[in-house]
Every structure is written in structure tokens, then in C-alpha cells.
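Letters A, B, C, D, E and F mark the chains as written, and numbering starts fresh at 1 in each.
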Amino acid sequence: MPRVRVTREVHFNAAHRVFNPAWDDARNLEVFGGCANPEWHGHNYELFVTVEGELDPETGYVMDLRALKELVEERVVADVDHCNLNTQVPWMQGVIPSSENFVVRIWERLEGHLPAGVRLARLTLWETPRHYVEYEGG
Amino acid sequence: MPRVRVTREVHFNAAHRVFNPAWDDARNLEVFGGCANPEWHGHNYELFVTVEGELDPETGYVMDLRALKELVEERVVADVDHCNLNTQVPWMQGVIPSSENFVVRIWERLEGHLPAGVRLARLTLWETPRHYVEYEGG
Amino acid sequence: MPRVRVTREVHFNAAHRVFNPAWDDARNLEVFGGCANPEWHGHNYELFVTVEGELDPETGYVMDLRALKELVEERVVADVDHCNLNTQVPWMQGVIPSSENFVVRIWERLEGHLPAGVRLARLTLWETPRHYVEYEGG
Amino acid sequence: MPRVRVTREVHFNAAHRVFNPAWDDARNLEVFGGCANPEWHGHNYELFVTVEGELDPETGYVMDLRALKELVEERVVADVDHCNLNTQVPWMQGVIPSSENFVVRIWERLEGHLPAGVRLARLTLWETPRHYVEYEGG
Amino acid sequence: MPRVRVTREVHFNAAHRVFNPAWDDARNLEVFGGCANPEWHGHNYELFVTVEGELDPETGYVMDLRALKELVEERVVADVDHCNLNTQVPWMQGVIPSSENFVVRIWERLEGHLPAGVRLARLTLWETPRHYVEYEGG
Amino acid sequence: MPRVRVTREVHFNAAHRVFNPAWDDARNLEVFGGCANPEWHGHNYELFVTVEGELDPETGYVMDLRALKELVEERVVADVDHCNLNTQVPWMQGVIPSSENFVVRIWERLEGHLPAGVRLARLTLWETPRHYVEYEGG
């Protein structure tokens, strides 16, 4: 059967602060600018989750998109929506909550939770309408 | 010469019903939900057709985009726009009209119809603004 | 208190057929083109619901947007999503399901169901990304 | 000369918390849900500033759009971008930082600062890609 | 019958130069910046044409959108697409081709060409994705 | 450390004319249509610049996005914004200014100017909202 990629978008918003706790305020301000603001700032995130697999001839689907959406809502959105990435999300602890670290941790939340024969192929995370990060694992 | 990918968007709308005729209504409802509605539903589809090839130094083009658009209009859009994918599109017969099957069949409609030296590289088909499928052949 | 307009987007998809049952097929084809296809076609609709009212100083809101979304989901989306506007939606009977008639009927579904002091100000209904209708009542 | 409306988009992001300090946490949670999270959340805001006036026959402009953009950057964006609306923006003090209150305060920041003959006509503020507020003064 | 507004989008691209021929180069550069470049620059324009009228009970339409699109293609797009607004568009002569003057001239091209009972209600012209002009006549 | 791709969008507008100076006008018109108009036409370009590298554990970044934006502004946008690609951009001389040639020349402007450990991974250049080109080097 043909292998097809299927992508579902989800969205959420969150507060964060991009700073390195090993540095003093001046160094953080120099490297991160306003992103290091101690009073936080935030974003509307748009996350595109792409899975890949063979077409199932019985359904015409690679995977039920409602099941994919529920998985992402349950393992990612429920933990981060209207939250503070620095202080309230257990699986974001220990890293600077940049988009790059965020997308890698989201990958870890989803990988291994897909149906047999379906693999997580790509995550695309828009932090603003003007920049995004992509991660394909590895 | 450099190899570049060129993408043209086309759009159309259609009705369909996602269901497996080998199953009874209850099973179809369980697996496909409202998508199996016997009275149909429909979508505005956005199709991005990507071709790849070497730059032609005489034109600066990989391929004339007007010719690409005409090809897609003639071999895909003319058959599906304002139509019912289940009952009116000859080349969609025998498969469940999911986005996955649809994109594979569109691939078969376009492959082999491009100019020499240009290959079909990727199809991206948005069924709603919140999900899409990608196919690169094979 | 200042008067502000607040808009919430909802989306759904549906099948329909735009035709006048008082006319024969030839006349319908001439006037409506492919929109009159007896086998249906469909769209992803994007509906923007705008309400207007004074700011409530206790909440800073004109109206709770979650309540607005629930109202529209309950009185509009639940009846039309993944449905056939011609055959399955009781409150669309007796009119041709053009965008114009659809937006007027949606207005009738929502008007009179808003909290005291909040009025329905405008409905904007996109049938495709290239055209939309607006209705402000009256 | 004809009267034309001209609109410029600007964007920024910010953290906020929507809550009423006169209420206890349970009441705030009931009314505002996750928006009342004491650890903040945030958004990418898109602000469309619309001015209206007669065409100047010497320039063909209602107003120089670079000057409009600079005005908004200086009197709005510089104060709120990458900031906390509750704790860091002097002109947001004393109100709940809902979109409705925010757009009214932005209006007050801009009105009276436009060139002679040009009036502030409308502000449209998107807090997420799924909802926005509009204010026309008064 | 209810009065509804109907909007159709069309697009085209063009070159132009925004400058006042009564001024010298230095003055033009000062007032218009790069927009006065004697070697031209250009844009992808998106034009939204809005008409208003009563619903026709026989069609459910305010006006046939295909007819509206053909009118705009014939009286506007055919003259400006892939053209130079300063040197090649007869109905743009005598004015600086700013968005403001352009939208007023487009209005003059369309007004009086609509079916009986339908009025031109609004033109919205995006010159870039970050700014647009609106004109409602008068 | 994980390897992540990071993308920044920039925009500009420009005039151009797509024609082959070795051909006469009739041949150019036949091959390029309105794109060969001797009086020019133009576009709003949207350029997405993608870089790839390992996460820097000290910053959580692959590369500072402000630095990436400044690089693209300095080496690309400053030369082309509000300009004529045929007559005013030194690094576009000698080629037909199609999107394909343009994206290859932009690649040459950026490659080799990124920080150590970061590679230019992909350029995506939208010439209109309906078509774009992609280049990954080589």
C-alpha cells in the first residue's frame, strides 16, 4: 500500500521566559533581549503533527485523525494550554523553554504512543506567524 | 544547472462520504463518525502540486507554471470540482474517498504527464484548514 | 462604559446543492452551473459571529467568549456540521441553500439567545477562501 | 477629495492574566477558567489600526503609512511587546487586561496623535487567530 | 427580503512608482522613500469587491458571483494585471498611483455596471499583507 | 544534542520583467506572456529562510533568530526591497529574474555567512500567494 503523510494542526497559548539561570540578568538581557523579561511574555502556538504510514485499505486512513488529535490534546495541549512553560509543565523542566527545546520535548511526549505501523514523522511548531521550528527526531 | 522545486496551488470543492461499503451502518458510524453520513458532506480542497527539475537557462524556469496549472486543471480539477467523489469521478471508483486515497489517485493522474526532465515531487492536499495529507509517490 | 464588538470564529463543513425546485434541470444548470449538480458538492465554512455591547467592569468582557462559542456550536454547528443543508437541516428547509439564505437563517438561530445587553451585530460567512457574505440583520 | 480608510497591521506578544482582584481564586477560576492562571499565559497579538481622511492630492495619501507605523510602535508596541500587561504597562493599570479593555486603552494612546484632518476610525485586535475585538471609539 | 452583502476576491500584480511629477527627485525621495524609485517596484494586489442588495427569492442570490467576477476581471484586472500603473493604465493617468487613488479609480470603473437593485458597497484593496485601503464611495 | 530546523520569514517587494534578451519581442511574449511586459510588473515576495543545526544547550537555540533576520535583511532585503531586479540588483545580473533563478542567487548570498555549526537548509520563496519555489542547494 502507498505510504502517505497526514498532518493535524492543534493550537494553544502559553507564557514563558527564555533565559539561562546560570547567567546573571545582564548576560541574559544581552543574549535573549526582551525574551528574558522576568515578568514573562507569551505566544499563541500552532503545532502541526505529521505521522506517516501505509494506507489501511479497510478505512482509507493512515490513522484516524480524531484519535491523533485526542492523543495530542491529552499528552501535550492539556499540559501547556494557558500555562507557564517555565513553572507549570513538568516535562519542560530542566531546559530553557525555547521553541527548539519545546519541539523536542513534544516529540518525546508523542513518540511511542502511535498505533502500530504509524510513525511520528515531523513536528512543526509556529511560535509566531513569522518563525517556526521543525523536528524529525534523531 | 541547479535543481529547484516549484509549487502551484489549485483549488476546488467536492462532496464525499467516507465509508466502507463492506460494513453495515453501525460499524461505519463507529469508525468514521459524521464522515460516513449517507447524505454526504463536502470540503473546499486546496491542492499544492510540486515539481522538480533543473533550471532551463533559456527561460529561467523549471517548467512553465501556466502549463502546470493547465495540466492540473485538465486532469484533476475538471473531473472533481463541484462534484461527488463517490459517485461522479471515474478515477476515484473502488477506493474509499479519504484524503489519503484521493492524493494517491491524483498522483496517478499527473505522473507521466510532465515535460521531459521534470518529475512530480510532492502533492499536498488540504481537506480543511486544519489537516492535510502529503504524498511523494512510492 | 465603552461599547466594543467581539468576534468568535467557528467552522464546519457541509454538502449542498444550489437549485430552484420550480425550474427544470436545464434552467438550473444555466443559472447555477456546477452548483446545481444533483449529486451535491460541499464546502468548509468559516463563520465569524460578532456581538456588541458595553464592557462589563467586573469581567472586562462584553460577553464570555466560551459561552458565545457554545451557543453557536449548539444552535448552528451541531445541526449542520458534516451534514447536507438541503436534506438534513430543519431550519434550512424552504429556501435555496445559497450563502445568502444560509447566513440569514443562522442569524435567526442566534438572535434572541444572547445575554441581556448584548446584541448580535454581524455574521460573516466564508463559503470558500475567495468569497463570503455578511449580514447585520434587517 | 474622496475620503478613504487606510489600515496598517502591527504585531507584538505579551503575557497577561485575566482575573478580578476583588474576587477570590475560586470565583476567578469559575468565571475566567484558565485565563485566570496565576502563573500567566500569553498571546501573539495582531493589531490593525485604521485611519480615515481625505486624499491629499499632493501625495495621493490619506497619511504616510510609515508615520502611522512609527506612531503605533512608539505609543503602543514599545510599551507592550514581550511584556506583562498586568504588571509592566503603566497605561493598562486599573483594568482587567481583557482584549476589550486592551483595545479601549490602545485607542486612548493613539487618539489625538494623528495629523490634522485624519481621524482614528477603527482598531481591530486579534488575541488569537480565532477571535478578535473591534473598537471605533465612543 | 433581507439585504445581504456579498464579497468576491480577485488578485493581480502590477508595477508602480509613487511620486509627484511636480517635485524634484530629492523631495520625492524625502516624502515617498523607496516607493519613489525611478526604476519601479511592484506588488501582488488582493482586491475584495463587496456588493449589497436584497436576496432574490428565485435564486437565493444577491447577484451571481460569476457575473461579479467577470465584471471585475473585464473592467479592472484585464487593464492592470502584469502592467505598469503609471504608464500603461489609461484610467490611472493624472493621479499618483497610491493605493488610495487606485481604489477610488477602481470604484469609478465598477460603479454603475452592476445589475438593477445591487449597489457597490465597499472596496478593500490590500497592497501588501500588512496594509490595505477601504473605500465606500463619496 | 538534537538537530532542529529553524525558519524565519522576511518580506519585500520588487519589480521585474521575465524575458530572454537573446529573443525578439514576439518570442518573449509567446513564452513568458504578460511576465515579459517591457514596462515591468512586480510582486510582494515572502521568503522563508531555514537553517539547521544542533541545539546549543546554553541558549536552547540553534541560532539567534534576530541575527538570522539581520543577516537576511543585510545581504538580501536591503538590495532588493522596492527595487527592480533586472536593473538595480548587482547579484541578479546575467540571469533571467524568474523565481527559480532568484532563489538560487539568494542562496549564494546567504551560504557561508552562518555561524559555525549551522547550515543553510532550505529557502522557500513565494512570488504570489499561489506559487512558490524551494531550493536546498546543490
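Throughout what follows, a residue touches a chain if its C-beta (ideal position, glycine included) is under 8 Å from a C-beta of that chain, and two chains touch if they have at least 3 such contacts.
Note that the structure is predicted; figures quoted are calculated from it, not measured.
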item	value
Set of chains adjacent to subunit E and to subunit F	none
Set of chains adjacent to subunit C and to subunit F	B, E
Angle (degrees, nearest 5) of the CA superposition of subunit B onto subunit C	180
Same-site or different-site touching of subunit A by its copy subunit F, using the half cut	different
Which of A-D and A-B has more C-beta pairs touching across its chains	A-D
Gap in Å, rounded to a whole number, between the CA centres of subunit F and subunit B	28
Chain centre separation (subunit B, subunit E; CA means) in Å	33
Intercentroid distance (Cα basis), subunit D paired with subunit B, Å	41
Overlap residues in subunit F, where contacts from two or more other chains coincide	33, 129-130
Contacting chain pairs - touch in the sense defined above	A-B, A-D, A-F, B-C, B-F, C-D, C-E, D-E, E-F
For the subunit F and subunit A complex, residues of the former touching the latter	2-9, 50, 55, 58-62, 64-66
Complex contact set, residues of subunit E against subunit D	18, 20, 31-33, 95-101, 103-104, 129-135, 138
List of subunit E residues in touch with subunit F within their complex	11, 13-16, 33-35, 37, 39-44, 46, 81-84, 87-88, 128-130
